[in-house]
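Report on the structure given below.
Order of writing sets the chain letters: A, B, C, D and E. Residues in each chain are counted from 1.
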Amino acid sequence: MLSPVNISMESLNLITLAPMLIPVVGALLIIIMDLFKSEQDKSLYVMISLLILGIDFMALLESAGVFAKDGTVMGVFDVMMIDGLAILSQFIIVVASMLFIPLALSKSRFSEYAYAEFFALFLFMIAGFQFMVSTDNLILVFVGLETASLALYTLIAMHNRDKSFEAAVKYFTMGALAAGFYSFGAMVFYALTGSVEINQIASVLSDNNYADIGFVLVGVVFMLASFGFKLSMVPFHTWTPDVYEGSSSALAGYMSIVPKIAAFVVAMRLFEFLIHSGVVWLEVVLYALVVITMTMANIWALVQQDVKRMLAYSSISHAGFVMAAILIGTTQANSALFFYWILFSVTNLGSFSMLWISRQKKLPSGQQSDHSFDKFSGLAKTSPLAASIMALFMLSLAGLPPFALFWGKMYMISAAVTGGYTVLALIMALNSAIAGYYYLKLIVYMFMKDPIIVHNADISAVNATNAIKTIVGVAVIGTIFAFLTVNSLLEFVTSFVYNSGY
Amino acid sequence: MELFLYTALFAPLVGSMFAALYSGSPKNIIAGIIPSILLGVSLISSTILLVLVLTTGHTLHVEMMTWMATGDLYIPFGFVVDQISVTMMMVVTLVSTVVHVYAIGYMSHDKAFNRFFAWLSAFVFSMLILVMSDNFAGLFIGWEGVGLCSWGLIGFWYHKESATWAANEAFIMNRIADLGMLIGIFLVFWNTGTLQYDGAFAAMQNLDTDTLTWIGIFLFVGAMGKSAQFPLHTWLADAMEGPTPVSALIHAATMVTAGVYLVVRSNELYALIPNVGLFIASLGAFVAIFAATMALVNRDIKRVIAYSTLSQLGYMFAAAGLGAYWVALFHLMAHAFFKALLFLGGGNVMHAMSDELDPFKMGGLGKAMKGTMILMTLASVALAGIFPLAGFFSKDLILEVAFVDHHFIIYSVLLVTAGLTAFYSFRIIALIFHGEDRHTALGFHPHEAYKFMLWAMAPLAVLAVIAGFLFKGTYFEMITQLLPATEYHVHSAVTYWIMTIGTQAFVIAAIYFAYKKYMSKDIKVPDGTSKMENSFAYKLLINQYYIPYFYEEYLVKPYRELSTVCWEKVDQKIVDASVDGIAKVFYTTGVKTRTMQNGNLSTMLKWMVAGTVALLSLAVVFGLAARYSGEIRLFLSGLGV
Amino acid sequence: MLDHILSILIFFPALAGVLGFVVNKDSIRSYGVAVATIEFVLALWLWFAFDNTVSGMQFMETIALIPTFGINYIVGVDGISMFIIILAAFFTMIGIASLGDTKDIKNMIITLLFLQMTMVGVFVALDAIIFYVFWELSLVPMLYIIGAWGGPLRIYASVKFFLYTFAGSLVMLVGMLFMAYFYYQATGQWSFALLDWYRLILPETFQLWLFVAFFFGFAIKVPMFPFHTWLPYAHGQAPTIGSVILAAILLKMGTYAFIRFSLPLFPDASVYFMYPIAVLAIIMIIYTAMVAYAQKDVKQVVAYSSVSHMGVIILGTFALNVEGISGSIFLMIAHGVVSGALFLLVGVIYDRRHTKMMDQFGGLAHVMPKYATIFGIMMMASVGMPLTINFVGEFLSLLGFYQQSHILTLLAGIAIIVGAIYMLAAYKKMFFGNVTKEENKNLPDVNKRELIALVPLVIITIWLGIYPKPVLGPINTSVESVVQLMHEKSITEEAKKRIPNLLEDITITKTSMKGAH
Amino acid sequence: MFEAIAFYLFAFLTISMFYITVTTSQALYALTALAAGMIFISAFFFILGADFLGAIQIVVYSGAVMALYAFGMMFFDTTRDVKEKQGNNAIILGLGTMAALLIVAIFSAPIISDNISAFYPMTAGAGNTQEVGMVLFTKYLVPFEVAAVMLLVAMIAGIVLAGKKMDISLTLTEEDEIRAMREEQEKEVS
Amino acid sequence: MEIGLNHYLVLSTILFAIGLVGVMRRKNLLMLFFATEILLNSVNISFAAISHYYGDLTGQMFAFFVIAIAASEVAVGLGLLVVWHKRHNSIDLDKMSTMRG
């Protein structure tokens, strides 16, 4: 017979659940509000979401405090795990969400923002990501991942035009396949170790001395494939440009940051111990994946005619760049990952916001797509400020000092150098040079060409509101003055990563 | 005394700058007169210095300021007035003054009168720097400075293609030699630690012969360029494109002798390396006869005189190479006087003939231009070396030197050259001033030059006559305080007399022959039909041994073509194309492989599965290899791997 | 104020540039000139306050930036960098002053002011990352200047310029990070401070690799053969002001960096690579001179001549002795002045005729005598006429390298021949002969505005050619300390032999020389 | 023995059902085969003693999911013959078999299970459902709740996407038209 | 003949491969979704088997959640298909390639 279970509330450590529960509650609140009075203005929901995320942020600060005091905390039957990685990534998730959600306050009206459900799903998605990163249980990872993904597919589709449906369907289908891969991978690990907790998996595997290396590798392959999909590693990346193009710029920008950091954290938890245990195969394969992803994505970005697609490929390349951190696996590299991603968020927030600001509902004649390069031709003449800001973000993405992303690049390459991956460091550096070309292409269009397309209105203002401008302003300041924050950021990130044992 | 030194040195500079102020404005006679006066001042100062050096034997050494100082290198602007430099200063200032005054008349109709004087005075300044500097670097300043001024003056009539071409040729050829000079200077510095003459020569006594030989060779290469020695001689004849006063001053009296000056100045070095000296002497002798032969047939007065200059420079080098530095310097001085005179006379003729230079088109000019005729004849006699004019004392001395030192080949070459010299000199004198009047038929109306121009030439004429017997003794006494005082005396008096009289007879015979041949009534303007003109020897000589042709065909053209190849083929097609190629590879890869993203969901899914399968196969290979590692190792060992 | 003069020098123009957005378009030129003049005066003040006898860094400032990772804002100036800073300020000033009717002049001037910030920054930075920041940042204004105001191929040229240099410097960045890592390994602390790195003695193999990494960044910037092909495009397409700044200052970053980084950090590698680099330098000198001779566009002639002269600078740098390095630094300044002036001169004729093809000219000396004169002076300076600024540098560079290799110096010396060939040929084509083209018959001579820019350059060219001491003195003092440092740091026999030990020398020749000063 | 027979029988059945699902061109067949395959899978669950799971499988899959699909089929009108343009089948089959073979090559080896310990062991005597409930509501309480959220998300998503409101796309409508539309609506309301 | 864990694993693999084939082969989105169900189901067999052989309940838990996930995916997937079908009257994925490159 089963013995009754006695559980004390203290041992549950419910605080570990707080940050995730807040957005869930918030989402429910929004749904309930919608029940009472529907068709309310989007600004209401944006503000409520912001407030909820603010509370979430406070809760995160709380758990950060706990972590700083006690180190890694397990909670709720050891399913929840609050360590440095979880906190850092949640910070990124929540702050990025806070910065992206005001983009909903666009001048033009778009379908998705007419739904209260949009904001609810948005918050659910955040909760899903938060669950995903703050556990080492593969089941919860899976469930969190799917919660977030399903919400995300819907958010994409809610943009409500053909391209966004197409994007959502593509994303969804491939996501389903990736989910299959994930479960298969998890099954293999479970078969090997009898556990679905990464800690346990690691310890059992090392007790076995990796005797069943073949099994391990099959599991790794499926995990790689599934996270490769999430992180858009070549050749699992094919959804990225289409989905970015299909969804609204605001959401595309969001997608380039938040889902990936969540996936990075899981990938880090999962692959790091394997690399450290000397699974040479993984090292080699990751090396190849990283290099191929960086390089090929850059090469494809070269030939794009649409800025958003170009940025999509560029984000693939950046992801490959950051994936190198997992390959290198030192504390510096893992810190560099977060460090890089924070700075990347700031810059990408800016560049996608700029695209969002210039989003027209009806394309003028001659313009092939929402954000074709032609559209920005001669922008410096019509609205120099917008052009300068856009150029700033492009330069930052290209890794030009002293703008934000340079510091991330530098630290990451340094991590590669320190970790003994000299050739990788060189490849990373040269890839930045290739990338320079397509970022420059936009600058060339804006500053060095004459306008090609006749716009009815100033394209830098068609969709601009003060809220969006504020966000852009934040991104601009963040990008330019990043060097002032680099030190504290670095200290903060490193201490969190180091104290989590990575 | 330093005041005189600085006055002598800087007066021409002031004059140059004064004239330069007017260079933008139309002709102003002041721009000619002031520089001439200032040069006179310089001449007087030089004379005072000469007197000082002569009477007291003291030399003057001043250091004006630091030029370059870094590391172990220390180069000041230092000037020295010793026996050698004061001689040169005298020659330079004297001839310059004369030429300046002469040029006021000669250039009076030229639009760019003012500019001319700016350049001319600048040249004098550079030349003075060259001869007065107390170190190699300062010498090099002057060396390049005179090159620059020579460029500006040869190309003075820059609208003429030939003039600018000649200017560039002169500059570039000199540059080739300057490289040698520069290397020589580097060698001196790194081996002796200094570039000051005194310090460097003192240190050279302790160096090994090989090093010294290299130094000697490289410095001499520099001298070869400036003094237009074979094979860098072609520029000198082409340089005659410049105004005649320029030819007189630069390409006869002063600049071209800078090479001789360098060798004389470095006598302590060359004394240590007699082999190089011998080479210099041989080259000098060769150039002497080589140039003289070309002068025999040339149909351009100025070019004939230019070749004669070249030939005389050969004499000087022969003397210097044989260690008779004072003799070389003496000939340099004497030569300056009569050659400048000759040139200026040539200038008068040119003026009279409206810039016509072919002596065959002249004839009988003596009637109209008595003064010029007398002066030029005097100069030619001096050049031919007839007693008691200057040429006799200086040139015959060189023959003696060669004889006494038992270099009989050199001696005979020089002797033959002496005959040739006389011949070609009087060939042109005869053609120009004597014989039938051929010019009237061609529409020329010659007239004598301005009086003051003739008077300006007078001092040179006087010196050409007296410089030899009057100064030789004094000069010897003075200069040998610094240079090796080698007396060259033929052992027996009989031999001496036989030699002297023999030479004189030979020369006079040559003159007679020239007169006889070129005063005849049958002289016509050659039209390329006569038998002589078709002979091989004539063609060889008139084409300057085909050397300019060779340079043009085998150096200039290939360089030009190679340059074009370098640019169009190498730079654009290889270097740049490979850079662009790298970029293009990336771009085309992008264009070709972007079809992977064909927008079809099925393809995307296939890519995902394909990626997984690829990874799987890698995993399986690795996994199986790990599982059966023992067996594999066994198998491989069985294979003997 | 003197304590912060370097920061002021760096950021004053940038701040002024930002404020410049407010200034009315019609008065922006005056504003620009005023700002640049103030900056120039500040730079002169720096010179005035500079202590010539001190060989180390002066006016150092340190502000912690990223202490955890060893990156700090450290700036300082010594004899090597000071004059280039002054030159940068000077050229910005006369560049802005000589700007004619340019479209979007406001953008141009603001861009120039930003460019000035980066230029000054590069030369005063004493922290590798700060150096890198300014180094890279300098690309952006230049990109804009070429790309927005350039000729028909401007976009190609500007992008090529940007990407080429960018690629090179990223390799250099990897090298820097490596260097910092070695420092970390040796001391347990991260540091990118150059003065810290100077103290680090690296094993030879590491030196070789790092040298190569740095080399890519520097060599492309210089630009050394075979990385030079961006330069003709950049110059060919850039507006006059762009070419002037590019040639006068930006190229010097590469050679300066060699002296600041490569030599003192990797003395053994410098010795090891001395011959290969010298060979490259010689190819640069002769080959590009030949290419210059084949050009039809006068600006390209000047552009290639720049490459050729940079070859001499490189050669002097790798002489690894005081004479050569001092010479190469002096030649940097000299080449800056002369090539800057030549580009300005080309701009003068381009403004009038809107062509740079030499066959379109001919006989210009008749119609524009002043122009011809100034051009002639600058040409002769470029050719290396003694008593002009270039000669001093060239002479010292070649002299220095002669100690290392006779035959290579002989080959390099061909520079003075081939240099004369292309320059004289170009001059002849443009200025000599008769005026054949109708359009050229009534060209106005240089006007006052242009003279304001050109005459000071002529004066500098001759003044420093005759009396280089005020510049050469401080350079020499600083270079001596660099050479001594290299000698002491070197570990291989070969390097000890090649790099002179100045302390030893003092007893033998130095005293006598010093006495003569 | 019985177990082996059952295994092979159901394995054959499942494989053939799923094979039909992916190959047939009749959507109805495919659906039916899928449902059958699912039921056969639940048989494995029962064999393996996971009764609760088997029940869930039948209820959720063969019940709910299949009903949804059936509904979808009707909606999309895909009951009749579905024409699919087939590309290169060789690649597809190749990749499929490759994947299978590769994994099988590894999976055919026994797993070393020395160090494996059951963290949530089955308790003798307790029914499967009981055991599952015990673990589910202690250890897997959080995932369970998250799954609930997930289902809520799915529900909202389904409602939103299939809802009528999606028929009018604000994204594609010009601002002026939207304004006009809104005014009209307000008029209707009032 | 003992049926071991490996048997189940191999069976699961084969089913998974069939699912993969279906995913790659199907052009009709609805039927493509069928194939994704096969993928998830095949894994469930293994989970149950492992759970059985190790005497550990985690596998069943995992399978349970997989079923939940599969169910939610169906809901969202069908929702997406519905909107698409409304506009295009087709659920053929070949018609869905407006974005490419």
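The criterion applied here is as follows: contacts are C-beta pairs under 8 Å (C-beta built on N, C-alpha and C of every residue); 3 or more make two chains touch, one makes a residue touch a chain.
Owing to the predicted nature of the structure, the values given are computational and were not obtained by experimental measurement.
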Least hop count linking chain B to chain C through chains in contact: 1
Looking at the contacts, which chains touch chain A and chain C alike? B
Based on the averaged CA atom positions, which chain is farthest from chain B? D
Ranked by contacting C-beta pairs, which pair of chains comes out on top? D-E
Compute the centre of every chain as the mean of its C-alpha atoms, then state which one is farthest from the centre of chain C. D
Where the centre of all protein Cα atoms falls, which chain's Cα centre is nearest to that point? C
Using CA atom averages as chain centres, what separation in Å is found between chain C and chain E? 65
Where the CA atoms of chain D average out and where those of chain E average out, how many Å apart are those spots? 6
From the mean C-alpha coordinate of chain B to that of chain E, what's the distance rounded to whole Å? 94
CA centroid of chain C to CA centroid of chain D, Å: 69
Residues of chain E touching at least two other chains: 5, 9, 16, 19-20, 23-24, 26-27, 33, 54, 56, 58, 61, 65, 68-69, 72-73, 76, 79-81, 83, 93-94, 96-101
Sequence positions of chain B contacting 2 or more other chains: 583, 594, 597, 599, 601-602, 605-606, 609-610, 612, 616, 619-620, 623-624, 627
Pull out every residue in chain D that's touching 2 or more other chains. 91-92, 95-96, 99, 102-103, 105-107, 109, 111, 113, 116, 118-119, 131, 139-140, 143, 147, 150, 153-154, 157, 159-161, 166
Chain pairs that touch, all of them, please. A-B, A-C, A-D, A-E, B-C, B-D, B-E, D-E
Taking the complex as given, what residues does chain B use to touch chain C? 23-24, 65-74, 76, 137, 140-141, 144-145, 148, 151, 155, 158-159, 161, 164-165, 168, 171-172, 175-176, 178-179, 182-183, 185-187, 189-190, 193, 559-560, 562-564, 566-568, 570-571, 575-576, 579, 583
In the complex of these two chains, what residues of chain A are touching chain B? 169-170, 173-174, 177-178, 181, 213-215, 217-218, 220-222, 224-225, 228-229, 235-236, 238-239, 241-242, 281, 285, 296, 298-303, 434, 437
Hey, which residues of chain E end up touching chain D in the complex? 1-11, 13-22, 24-28, 30-31, 33-35, 37-38, 41, 44-45, 48-49, 51-52, 54-58, 60-61, 63-65, 67-76, 78-83, 85-86, 91-92, 94
Which stretch or stretches of chain C touch chain B in the complex? 160, 163-164, 225-226, 228-230, 287, 290-291, 293-295, 321-323, 326-327, 363, 365-366, 369-370, 373, 380, 385-387, 391-392, 395-396, 398-400, 402-403, 406, 409-410, 413-414, 416-417, 420-421, 424-425, 428, 431-434, 466-469, 472-473, 475-476, 479-480, 505, 509-510, 513, 516-517
Please give the residue numbers of chain D that touch chain A in the complex, ascending. 102-103, 105-107, 109, 111-119, 123, 125-126, 130-131, 134, 138-143, 146-147, 149-150, 152-154, 156-157, 159-161, 165-166, 169-175, 178
